[in-house]
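Look at the two complexes coming up: chain A is in both, with chain B in one and chain C in the other.
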Partner chain A sequence: MHTDSFQNKKSELQKVICINPTFRKFEDTDFDDEDYEFASKFKQLYNSSIEKYSKKNKLNYEVYSPYSEGEKLTSYYKDLLPLKSAILKSLNVQDNPMNEVESNTYKKEIIQKFVVPTMLPAELAELVGKYDTPYFSLVDIYTSNGKSYLFHVIVDLNLGRIEYQEIKGYSGLVKKSEMKMFVYDSFYLLDKFFKK
Partner chain B sequence: MRKLILFTLIAFSVTFQAFSQGVLGKKAVVKVNLFNGFRMPLNDVQFEYALGKKFSITAGYSLLASNIRPEYRFDYAYNFLQTSSQATLKKYGYTDYEIGYLASQYLDYRAYDYDDAEVFSFPEKLNVQSSVWSIGLRSYKSSIFSAPYGRYFSLEYLRGKQKVTGNIQIPIPCVDDFVVGSYNSYYVKSQRKFKVTDREINTSSFQMNFGKQWVKFDVLTIDFSWGLVYSFTSATNKAQDGYIASILARNNGANFGSFPHTKWNTISSTIDYRKSALGMNIFLRVGYLLF
Partner chain C sequence: MKKYFTHFTVFCSLLFGSFLSVEAQQLSDDQLKVFQTSDLSKYNFDIEKKSKSLVKNQDVLEKDVAFKVYADALLRISSMINTGDFYINDEISSYLEGMIQKIDPDNNPESGIYRVLLSRSSIPNAFCTVDGTVIVNIGLIGLMENESQLAGVLAHEISHFKKSHSLKQVKASIEDSKSGRRSYSSLYLSMKYSRDSEYEADAAGLNLIAASPFDAYEYSKALELVTGKNSDSTEIDLLQFFKSDVFKLDTSIISAKEVKRLLKKSAKKEERTLLSGNDEMFESHPEGQKRQLAAGEILSSISYVKPTIAANDVDFKRFQRLARFEMVKNDYYRADYLQGLHNALRLSDLYPTNAFAKNMIVSNLYWLCNLKSAGVIDDLLDETEIRNIKSMAQLKLIFQETPNDELGKFLFTYLKKLWEADNSNETVLYYLASAADIHLGKETAKIHYKNYSSKFPNGIYITSVNEKLQ
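What follows is the complex of A and B.
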């Protein structure tokens, strides 16, 4: 079990655009064999939990996903998918618990040689005006036979960096009740951080 | 009450952490025990409140009525001898010689060989009404999710009274004239009945449990635990209650065995007939997350 979080700036959090909250379940620890049926059952509940518990903690989260309709759907594919990809890439070069593998010598070497600050491409700053907020977030859960991870990331596109990051590891399969607790705790913690 | 306040203060100082949000924002649970009373679950209620991320305190009250058919050993009869007055013994047909001999023997506890104790079963059931308060501290294992969720270890102290009503049958021990002087010289002469009504026996226990608490449907909790209990019973009335206390020691959740502490108190010149017992217990509690 692991908890890891940091926050760069203590300011009031305005509107946050949440990019396609993802719940993924893998049958093995190598993240190869994915259980889509299980994940699809959870998808709706997961999205609604994010909306419910963000509101409960007085955080303005707006969810954009492939299941959105109209303009939201278009902007998801046009703007937010490339942003999500950029955030995931920046997370991938971090030395965080999710990137831990049994023989991680190779990975560590790469991080040492090619490590870059978790900066996001400057051109993505255009999205700030379009969405009326600099804050964009990912709230994803990965669960496999051995471990489950939740990561909650908020980026500030004005500064082009990760503003808030929380990674939680749990030794077990995340079921409905655990998933809800994961999401609730994450928003509770976020609320506490930004109100201090 | 002072002990309760002190316990709470210690628990607070040990467990307070900045990060304490409970399960889905709820820290208090009220629970009923299903194993002890499917018919009357509301008679065994427990309240739990999460103090920090890993700790919670519990307080409970159980009011249970049960009919027990206890097994008793010859040592209970031996206890009867110890706790009965000379007049009582005469009432049960003891001769002066027997009383004198038993008085010289039974106060020395080693005189009785427990390996040879005979086991009798009661022909009639006894009605026991117990009212017990409890207070406890729980330590939860999971460091990701907050209490009251996950696996835990709990320590609990219980205290209360048991009221006994029914017919009690005592095997009357007697001295065999032919083998006087040997350790196994008692035999059962006859069995006598006497009736008890609302006889109060004090009881207190220490419980050490391991368990797991699940949360379902956001508000429902299922709490399963098992562990050891060490209980004491002591009588307030010195006539025949010591004998009843001995019987209840084995029927107070302590099913492994009972240990008599009967001994002669040289200071007060009285017999101390407190009994303790060790056993295992299992709980299945269903609860509701309040706030």
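What follows is the complex of A and C.
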């Protein structure tokens, strides 16, 4: 899904700040080795994959996460975490698999454009100057009830809204070998979207 | 506790920068400070290593079970940290850690000090996780009246940890399970403390406070506030707010009978806070009262004498004030607009000349009317907790029952009046234009957007306004 005007904005997407690409599990299951791997080792690989595969598709995603260093790390905790919360919360009010994780009744409808894009507090525009871009992104993988969902969201803080949103379902839990494909595919789709 | 984990959303400190231009005039240098430090180990830790270390210091559960419980809890805390649920390196967490040091000088044997994470939630609550992390909601700081009440709550929560209630309850659940073992994390997340555990934590907490510099007599009052027994300090006068020449609030919507009905319905639905345990608010002898009586008995039995040196409330008062502002910011950013409006109105009552409080009323009111107009307000209203606050119940009923066009009328005239009273406030003008956009049509809205564009060419909403004018 995307806003009307976003398709023409490829040239403006010089830089996109990607906030802590994450794996999250939603089931009430026991912690096991897989969770630990997701929680640490896998995450680092996932972080680096975002930057790598975005560049391969001629997009410049800059990741800020707990694995960043110095000023970037401080900025992550100070500014970007609250922003990520705001975006996640705004996604919460939409009909999407995150809100259906227990009932598993999410129907995949192909809707090309937002009828009413999800709005964010307009006051968040203050971050644009600091990060030198109005575009911020979440690229997260969530798993629930044996399925995985990749959320790829781009927000424009100047306009205070979500401009682009991709939710892709995958039957099964994403393994390390499949993760790269999942991520690459998402950026490939975005690149194709701009070329339409 | 499960609700805590799944509903734990967060937001705010972002606004330090974004509201500086307006709020600086009101708060001067009184902003929630964040320490610049490279030591982020409190927030960025090795789960496996920490879990293994914690297993060594407990003897309640089998080692492998204990490891899974700790690792799961730490994983979830880490997840919450990385979705922005907590403040990072803030001064209130440091203050609370110092307070716990005074309450329990022996401290958490594992880490030397309890780790406090300050969450962005406005719900007045706190709890201590299985590893000794004390999670305190900023809403608790905003609600407590003095330092001793806050200390009482902290003492109660760390007593649950010191008595290993979480681990014991997991053990009991495993042993009782008839249909085979459920997952440990589901046990850990779904359980509430038993009544006995709550009383035990009260007793242990009171003994800690009695030996500390804080006033143990304030414990009962803290209990009353957190359980919503005495919500007077949080009530607001809605009739005054909704008074308008153009809009007439239908007061039958918010009759005493309707409010009571909603309060009762909400109380049953809303989970009890962990502090209140299994309170039943409408029983003839509510559990909360019994606990308060028990607290009095305990203090008598130890011949407790209130400390002669008064607690230093200067820091507390400052943090209480900051917390109240933070609560309003957080509510808005987490789209808890109903609670946000209520807290903003309360903030405005407390600080009548504060521009930030006025702006937050405007923003939250606008979004509530917008959602109502779009026909999607029901979920928001359904999720918002009332917590025995009559004016929250009234506000919910108003937005549920008042027709859309009436609310639109109220919104527009309210904003217009504000703008006419102060035509230097860009937030009011922006939302006036946005309200016109929804309720009066694009042509009327354009007049106000153009006005904004001309008056505030570098305003924070200018990009959004320019797009509307295209």
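By definition in this document, the second predicted complex is superposed on the first by the 151 of 196 C-alpha atoms of A that agree within 3 Å, B and C clash if a C-alpha of one lies under 4 Å from a C-alpha of the other, contacts with A are read in each partner's own complex, and residues count from 1 in each chain.
Just so it is clear, a contact is a pair of C-beta atoms (placed from the backbone, for glycine too) under 8 Å apart; a residue touches a chain by one contact, two chains touch by 3 or more.
Here the structure is a predicted model, which means the values were calculated and not measured.
Once the two complexes are overlaid on the shared chain, A:124 sits against chain C while remaining clear of chain B. In the superposition on chain A, contact of A:51 is made with neither chain B nor chain C.
Judged by the touch definition given at the top, the superposed model places A:168 against chain B, while chain C stays out of reach.
Once chain A of one complex is fitted onto chain A of the other, the partner contacts of A:184 are limited to chain B, with no touch recorded for chain C.
In the superposition on chain A, contact of A:62 is made with neither chain B nor chain C. Between chain B and chain C, it is C that contacts the larger number of residues in chain A.
Looking at the shared chain after the overlay, A:73 reaches chain C, while chain B stays out of its contact range. Residues common to the contacts of chain A with chain B and with chain C across the two structures: none. Chain A meets chain C in the complex at residues 5, 20, 22, 24, 28-32, 35-36, 39-40, 65-66, 73-74, 77-79, 81-86, 88-90, 92-93, 116, 121-127, 130, 134, 158-160.
Of all the residues in chain A, the ones that touch chain B in their complex are 1, 3, 56, 168-170, 177-178, 180-181, 184-185, 188-189, 192. Put simply, chain C touches chain A in their complex at residues 2, 9-15, 17-19, 34, 36, 40, 43-44, 46-48, 68, 71-72, 75, 78-79, 81-85, 88-89, 120, 183-186, 189-190, 332-335, 363, 374, 376, 379-380, 430, 460-461, 463-464, 467.
Looking at the complex, you find that chain B touches chain A at residues 19, 21, 23-25, 142-146, 149, 214-216, 218.
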